[in-house]
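Same chain, two partners: chain A is paired with chain B first, then with chain C.
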Partner chain A sequence: MNSWPSAFLWLADPVNWAGPGGIPTRVGEHLLYTLVTLLIGVIIAVPAGLAIGHTGRGRGIAVQASGVLRALPTLGLLLLLALWLGIGFTPPLIVMVALALPPLLAGAYAGMDAVDRQTIDAARSIGMTGWQVLFQVELPLALPLVIGGIRSGCLQVIATWTVAAYLPLGGLGRYIYDGLAVQNYAEMLGASVLVIVLALLADGLFALVQRLVVPRGVLAGRSRDVRTRTPRRSASSTPSTTAG
Partner chain B sequence: MIEFRSVTKRFPDGTVAVRDFSLVIPSRRITVLVGSSGSGKTTILRMINRMVDPTSGTIEIDGDDIAGIEPVGLRRGIGYVMQNAGLLPHRRVADNIATVPVLRGVRRKDARARALELMDTVGLDRSLAERYPSQLSGGQQQRVGVARGLAVDPNILLMDEPFGAVDPLVRAELQRELLRLQRDLDKTVVFVTHDIDEALLLGDQIVIFTTGGIVAQAGTPQEILAAPADEFVARFVGADRGKRALHVREQNGRPVVVDSEGRAAGVLVPDDAGLGARAGDGSPADGSAPGGRPEPARDGGAR
Partner chain C sequence: MSLRTRGIALAAVAAVSALALAGCSSESPLDDSSTSSGSKASGSIVVGSANFPESEIIAQVYTQALSDNGVDASIKPNIGAREVYLKALQDGSIDLVPEYSGSLLQYYDAKSKAKSSADVYAALSDALPKGYEVLDQSTAQDADSYNVTKEFSQKYNVTSLSDLKSVPVSLTVGANPEFAERPYGIKGLKSAYGVTATLDPISDGGGPLTVKALVDGTVQLADIYTTSSAIKDNDLVTLKDPKHIIIAENVVPIINEKKVSTKVKNVLNTVSKALTTDDLVSMNAKSSGSAKESAEQIAKEWLASKNLFK
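Now for the complex of A and B:
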C-alpha cells in the first residue's frame, strides 16, 4: 500500500524521463512493438475473417484455431520459442501475434455476420460482382465490428508485451523485470501505471475510430428509432415523411 | 419476350421448387405470378436474372438462352425490386438509385443527376435525395427500390412482392402508380405476389400456381374470372363469393350490380371505353387516353 506514493515519486522523477532507458523511449518501444504486432495480426486475420464471412466457409476451422490459440500458455510458448530461435524480437513477436489473432478473426467474421443477408442478396441481384459486394457492401457495414476486434486485440497485446521484456527486450516491461531484480517496487508499480494508462488511451482511441466508421445511414436509422420510441417527440426532429 | 421451356429447379437439399414449368412472358406487358407462399414464384423470378440456375430446361430472353449470358452483366440489364426494397443502408437515396449505372461506368455525377429525374418519375420528392434509407417510410423505400430498378432503363423489370410490406393504403397508391408508370415506360414486368386482388388489378397476364411451381391456370384476368380452370382456381380468385361474385339487381328500374352479400358494387354502363381501359386506371391527373399505348421503336430485349 505504501508503495503508491513512491510509485508516483518514481514517475515524477525527471531522471526517469531522460536517456535511452527513459520513460519516453520505453513507451515508444512498447507502442512500436504493439503496432508491429497488430499490423501483422490484421494482415493475417482480417482477410481470413472477411473471407470466412463472405463465403460462409471455414468457420469451424477458424473457431477451433482461435480456441487453440487462446489456450496457449503465453509465457511457456515464449520460453520455448526463445530456446528454439534464440533471444531477440522474433520469438515474442510470434507469440504476441498468436495472441492477437483470435479477437481480430472473431471481430472480422462477427462483422460480416452482422450484415443483413437480404442486403447482400439485393446487391447481387442488381449485378454487383462478389468483390463489389465485399468491398462496397459487406466491408463498410462490417467495419465497426472489425475495428472492435482490433480494439480488444490491442488491449491484450499492450498488456502482454510487458511480459515479453523478460527475454530481455525493451518496452515498459523492462522496468518491471529490472525493478523486480533489485526489489524496486516503486519502479515496478510506476511502470504498471504507465501500461494501464497506455492501454486506456489506446482503447479510447479505438472506441473513437469505431464510432467514426459506423456508416452514417446506419447511425441515422438508429437515432430515428430512438426518437420514435421516445414518447415526447421534439418538433425539431426530421420533417414528417408521410408522402410515401 | 421471356420464355420458360420445361424448367425444373431442384435445390441441393432435394426441394423441388419448380417442376416442368413452361411459360411465355410477352414483352411490354405485366405478367403476374400469383400463388401461396412456397409455391415457387420467387425461384421462377430469380431464374430470369440467373440468381438461380435451373436444374433442367431452358430460359430464353428474345430467343437467346440465358444460360450462355454472363450473370453479372445480365443482372445489370434487368431491373429488380424486392419486398423490403433491399436498399444499401449506408448509401444515400440518390446513390442507391445510381448504384447500377455507376457499376456500368456512368460518371457518379451524371448518374446522380439521372437519379433525381427518376425520383420525379416514381413520385419521390427530390428533397429526399440526401436521406438514408432508414430515414424513409416503407412506401418511400419501395419507390426508391422501383427507381433503382429503372435506373438503367431496362426492358425487363422483376418485382418480387414489392408492395407486400407496406400498409394497404400505401399499397393501393403504389399499385396505381405502377400502372401509370407502365403506361409511360412499357416494360416487360414480371410481378410476384400472393395477393390475388393485386394480381387481378395489375396483370395483363396472370399465372396462378399451386405448390411446386405447378401452374393451375394462366390467362388474362378476364379469362380466369370467366372460366376458372378448376375448383382450386375458383376458390383462389374467390369467383364464387364476396365482392367478385356479382349479379345484377333492378333498383327503381335501373340495373345495379351487387355482390354476394347484396352490397352495391356499381352500375352497368354501355361498353364504349374499350377493353384497353382497365379497372384502377382512373387516375384523374393522368392525361393519356385509355388503351393508347405508344409503341416505341425498340425491341423487348434484356440488354
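Now for the complex of A and C:
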C-alpha cells in the first residue's frame, strides 16, 4: 500500500501537468473519446429502445442482442478489429460503442415500459397521434430512465477506454500502459485515481440531469404523495421504514 | 481373465516406473554437487531452459548433441524467467543453460556499457560468478531490431539506422511503450544517429499488430525480435545498427565449470558455430505455426539437417 503516497506525488508533480502528454491533455482526450462513444451509442440505441418500448415489438431480440454485446471480451474484440482494420481510432471506437449499447438500450425501453398505460390511453383518447403520444407523453415520462441508461453506460465507457491504450491512443489509459511497461506504479495508480474521479464527476453530472428532466407534473404528483404519506409514517413507529 | 492379468501387468509397470522415478529424484543434483564432485566432473549434465519455446528448443539441441556424443545429458525444460533458472544453475539443480549474451551480461553487471557482440562476450567472462563460464557464442541472435518495409527501404535507400537521417518524411516507430525510455529506443535514435522519431506505442511486443501497422504504413519503423518469422514473411528489411544502440543478444551456453570437459566443450562449440538466426526463425515458426511441433522433434530435425557429428 506504500504506492499510494507516490501516486499522489505523481499527481501533484507539475511536470506531469504540462505538454502534449500532460494530464490536462490526456483527460481532455479521455473525455472526448467518451463523448464521441456516447453520442454514437445514443444515436443507435435510444431510437431503437424507444421504438421497442412504443410498439412493444422486438423486445426479445433487443434483450438477446444486449446479452451478446455484454458477453464480448473487450480486449479480445479490440485486437481482432485492430488486426482487421488497422491500428486507427475506429477499432476501439467500435468496441466501446458495443460496450455502451446494452445499458443505453435497456434504459430506453425500460423507461418506455415504466410509462403508465392509462396515461397513454388517456393521451390517445384526447386525439393525439402516435408520434404525439411518443414525443409529448411517453418520451418526457421515460426520460429520467433513458438518462439513467446513459449514466450507467458513461461509467463503463470512461472506465474501459483505458484498455484501448494497448494501441497507440491517448486518454488516461496511456499512463497505465506506459507505466506498466517501465514498472512505474505511481503513474499507473495516479492515472487510475484520475479515471475514478472522472467517472464520479460524470456520474454526479448525470444524476443532476436525471433529476432536472423529471416532468413538472410527475414532480407535483410525487410531492402530493409525500404530503399524504408523512402523517401515516410518523404514526406507525417502525424506524426501519422511514428511510424509504 | 486375460483382462485381469493385463490389469496386474499394468499395475506392475506403473509400480516399477514409480520406483524408477523415485530413484531419479532421490539422487537429485542437490546432493551430488557437494559430495561427489571430483569423480563426476564430466559425468551427467542437466540442461535447463527458460519458459519460452526458443530456449527449450536450444536446450533440446544441446541435450541431444551431448547424448549423441556419449555424454550423459538430461533436460529440465521450462524452468521460468532468468532470475529463476540462473538461481537453479547456481544451486546446482541444472548445469548448463542456453542464454542470450546481452541480457546475461546485464543480469550480472547492470552498469556494463558493452553493446556489440564482441564487447558483450568479452565483458561476460569478468561479470559471471565464480565457477561458471560461457562457451563460444553463436552468431544466432534474438535481439530487438528496427525494421522497415522493402518499399520504404528502396524508395529512400535505407538499409541502416544511419541512413534514416536523410529520409524526408516524418518517422513513427511502432514498439512497446517502454521504447520511449530505453537507450535503444527513441532516445538512442536521437543521440546516436541524430534521427527524430515519434513512438506509436503498441503493447504486443513486436507481434501481429505491430507488423500490420508497419505493412499498412501507419508506422515507418517497427521494433521486432530478430527471430520472428514475421520479418521474412512480410519481406521486411532489418536495419543495421553500426553504432550499436541495441545490445547484442547472441545465443551462448553458460555452464558449471565442474562439468566442462574437452568433449563437452567441442560438442557445444560445434553446435554454436552451426546455429544461425535464420535457424532460430524457422525453429520458432515450426513451434508456433500450424505444425506445433515439439521442441524435442524440432531439435532432432535441426541436428539431422546440419549433420555436425560425423
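Operating definition for what follows: the second predicted complex is superposed on the first by the 231 of 244 C-alpha atoms of A that agree within 3 Å, B and C clash if a C-alpha of one lies under 4 Å from a C-alpha of the other, contacts with A are read in each partner's own complex, and residues count from 1 in each chain.
Keep in mind that, in the parts below, a residue touches a chain if its C-beta (ideal position, glycine included) is under 8 Å from a C-beta of that chain, and two chains touch if they have at least 3 such contacts.
No experiment lies behind these values; they were computed from the predicted model shown.
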{"item": "Partner chain(s) touched by A:Leu139 [first = chain B, second = chain C, both, neither]", "value": "neither"}
{"item": "Contacts of A:Tyr166 with chain B and chain C, given as first, second, both or neither", "value": "second"}
{"item": "More chain A residues in contact [chain B versus chain C]", "value": "B"}
{"item": "Contacts of A:Ile87 with chain B and chain C, given as first, second, both or neither", "value": "second"}
{"item": "Partner chain in contact with A:Ala7 - chain B first, chain C second, else both or neither", "value": "neither"}
{"item": "Of chain C, residues touching chain A in the complex", "value": "174, 176-178, 180-181, 199-204, 208-209, 212-213, 216, 218"}
{"item": "Touching residues on chain A, where the partner in the complex is chain C", "value": "79, 82-83, 86-88, 165-168, 174, 177-178, 180-182"}
{"item": "Footprint of chain B on chain A - complex, ascending", "value": "116, 118-119, 121-129, 132, 136-137, 140-141, 215-218, 220-222, 224, 238, 241-244"}
{"item": "Parts of chain B lying in touch with chain A, wherever the complex brings them together", "value": "46, 49, 51, 72-77, 80, 82, 84-92, 99-100, 103, 123-125, 128, 131-143, 148, 170"}
